[in-house]
């Protein structure tokens, strides 16, 4: 089993990848949000990750450690986006930064922990449980699957493959949910049949992790 | 969709700049134009700060001034301001007595204000009052889903007046929290609105339709109904609001708020119906407010708000206020 | 056309009733509900009376109160009140010092107020001030065609304040007449409006069209133009208004008025452009007014008004006023 | 040549005839007003003459003289209608009442004078000249033709036939005019090609005089 060591340069390209993906998916995400929310989720995610990718790209690779990368990403995401996604992803990224604390490169176990920290950050900030039709429905099962795969000794690529599969299933499952958090929680049954936009964008982020470490 | 804008990107900044130019008497920009604050900060007074997405004007910037808000932060259209904007406002408005954040109950607003409070908590004493005056629907269950809509104006007015009178941070927090269960609102939309950024209308209504139970972000309400006459619509709103807090009882303030595209004449007509309904149900309407205070861009529609206040609170309502949108007594 | 009304026949009466209920503090109905008057008539003061068709709310009923109007008469939608309404208002509001009728320059209004003045002239000293603040177009020639639109608010505020200070009937007439050439307005409509009675829209605009130079009765303006962005539109209004009275010069009041369906955020954005234009042309904007004050039912549109005032007139503008729609200083 | 004596009863039925005609023409008049005005002229004329006809119908025929009929009509027209047409027709009717002063019945010369007084009242109140695209463009030539016909010794029927012809021609001529009075005076050239609604309704009134005395 190969071992990847993820450093600042790697993280920069991961953020660049996510930003590109969001630019591609922006319209679809806005469309999903238009059905059960306020039609801006694609804009928020694109703005946020574009700002994060730009800010981390400007960091001096030799001087900046992974913690600084995550914290910089968190801060710029937050300043760019005031929507729900802003504090949710900023908190996620700060938690990731805390896990990376003191490390100049991250090994596979670290990356799994970081992935879990992202999910945990979102859940702590938004106080949503699985089943409430939010991005947590993608992030929580993805993080659990990722950890479980790691516990079974899978490679990082295998872990993120498991995470992606679980995240996709989770996002798909939001279609059958009535929302209890976020804007769509006012809609009651009218939200049924529609995927939560935050869960959809979570899958985009998770897919970037998967593709990056493949 | 014809609107008086130049570009979707610049519309909020241009509108807020126009606001500041028009009301230099009351307001100035805060640092880096991150927020609007009152021209003369009062040392020793607890600062009252609010904010939210743009598109609700005059809320909240129109309530910055003597007797109401000390600062207001404006986000993109229908999008919460960032923690950095809010933290800067706290920095500039709090002179040591602490500050109260008045937050409309939307996940985005709540989380951004919460992060700002965390960021600023080292140097400032901060309390948060969450406003959720929207009616409770069967679906929202524990009431967590109640959104902050037009009733927010009342909370901001009363807290602003109380702070001006010297109330402490803890007392203000107590007042704000105690108000929540006594203010209730419900809105109806006759048209959807499109956020210029996305050019996408969140709901479109036919000529014979209306959307009941809407908030102020162009989001759908809880049901689509056939359009009807003013009496039928307004009585339904009044009854729902009344039933939702009838337990509070007492003397009330009745508020009919326009959502942006409905003219004063129609708001007054609606007020007439709402007032009659409340009086017929034995309420004493001690104060009234009719006008366009909390909007959803140029949506045609309105909301009815009922607030049961104590004598002390009515006196806070009557206290002098000098802001762009609410002004009396000075 | 969805509106908050019950029937076309009853809409004005219901709306005015709602207005009175909401503002009992300032106003009461006059005899037989023929007009609205201020709650406390001031003996010995010259009475200021205005009126016009309904559909312009808050004008004029929203300006009844201390420091502005003593009475306002409301006709059907876009239709002058009758001489009998006006004569009754004179009867009730004039305590002996005489009264000034403030009349917007429309044949219907002018003739009905004129007949009322003839009817009441036996028992009352009456002067009439005709407001024609609309821009002059090539076609109106001698200026007789200039209509009274949003600028009427300024005339009513200044005359009201001056009367409150004890100015005589002759002095008030002089003040009113001298104001006319120094107030100028121009409006633009993005939508037509239909009078519920007739269900007929006087003009219909396509998605890419706007109507320039409109009044406040849904009547067509002087030209149909392709819709453009806010800067282009508002600069054109500002320039036309400015050119029309640049000869007056001096310190100015700048007023952006919404026609009913345009929300505050857009009005502020427009104000920003208008303000910038005027400042770039060397004017000193000493006072501002931005809001929905003189409407054309629920028309989307706005007008820009420029008024060159003397220091004395600015002080009248600043004088205390307590009405439903304008309030400060008390 | 026959001589008609017009009394209160006759006048009552004349007003009833005008009221009926206005109810019939209401929509057409609103339509004309919709093009160059505010679309309410038909409503104003119908309301005004309905109120006038009703009020005079309630007068005691044995006690009421023609002056009272005209003054009653004027007052009720005015109370019903606040538009431009209100003071114009009320003034017209009051002038007619003044001409009838002291007479219990009206002879043909009186009727011609009354007809001229109506036209004069409208012109005095509105201060419009011929050619300014208002109801004066129908009323003034009609009154002149009526008088001229009388001077030539024609019967009342002949006088009103001449009046109607002149009024119709006058109304027709407003199509080629740019308005200098009334709402449409703001329209400039845009008013060209359209008949003035007030001139059109004047023809309706004049036609009732004609039909009545035929």
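Lettered A, B, C and D in written order, each chain numbered from 1.
Convention: a contact is a pair of C-beta atoms (placed from the backbone, for glycine too) under 8 Å apart; a residue touches a chain by one contact, two chains touch by 3 or more.
Predicted, not measured: the structure shown is a model, and the values here were computed from it.
Trainee: Once you find the CA centre of chain A and the CA centre of chain B, what distance in Å lies between them?
Mentor: Chain centroid spacing, chain A to chain B, equals 32 Å.
Trainee: Counting in whole Å, what is the centre-to-centre distance of chain A and chain D, each centre being its mean C-alpha position?
Mentor: From the centre of chain A to the centre of chain D is 80 Å.
Trainee: Taking each chain's centre as the mean position of its Cα atoms, how many Å separate chain B from chain D?
Mentor: The answer is 56 Å.
Trainee: Mark out which residues of chain D touch at least two other chains, giving numbers and ranges.
Mentor: In chain D, nothing touches at least two other chains.
Trainee: For chain C, write out the residues touching at least two other chains, lowest number first.
Mentor: none
Trainee: What topology does the chain touch graph have (line, ring, star, complete, other)?
Mentor: Looks like a simple chain-to-chain line, open at both ends.
Trainee: Provide the full list of chain pairs in touch.
Mentor: Taking the chains two at a time, the touching pairs are A-B, B-C, C-D.
Trainee: Going by the contact rule at the top, pick out the chain B residues touching chain C in the complex.
Mentor: 1-7, 11, 14-19, 21-23, 54-55, 57-58, 62, 190-191, 207, 210, 227, 229-231, 233-234, 260-273, 275, 288-290, 292, 295, 297-298, 300, 302, 322, 325, 327-330
Trainee: Can you check the complex and tell me which residues of chain B touch chain A?
Mentor: 53, 75-76, 78-85, 106-108, 111-112, 114-115, 137-141, 144-145, 147, 195, 197-198, 200, 202, 213, 215, 217-222
Trainee: Okay, in this complex, where on chain D does chain C touch?
Mentor: Residues 30-31, 34, 36-40, 43-44, 78-84, 86-88, 90-91, 125-126, 178, 180-183, 185-190.
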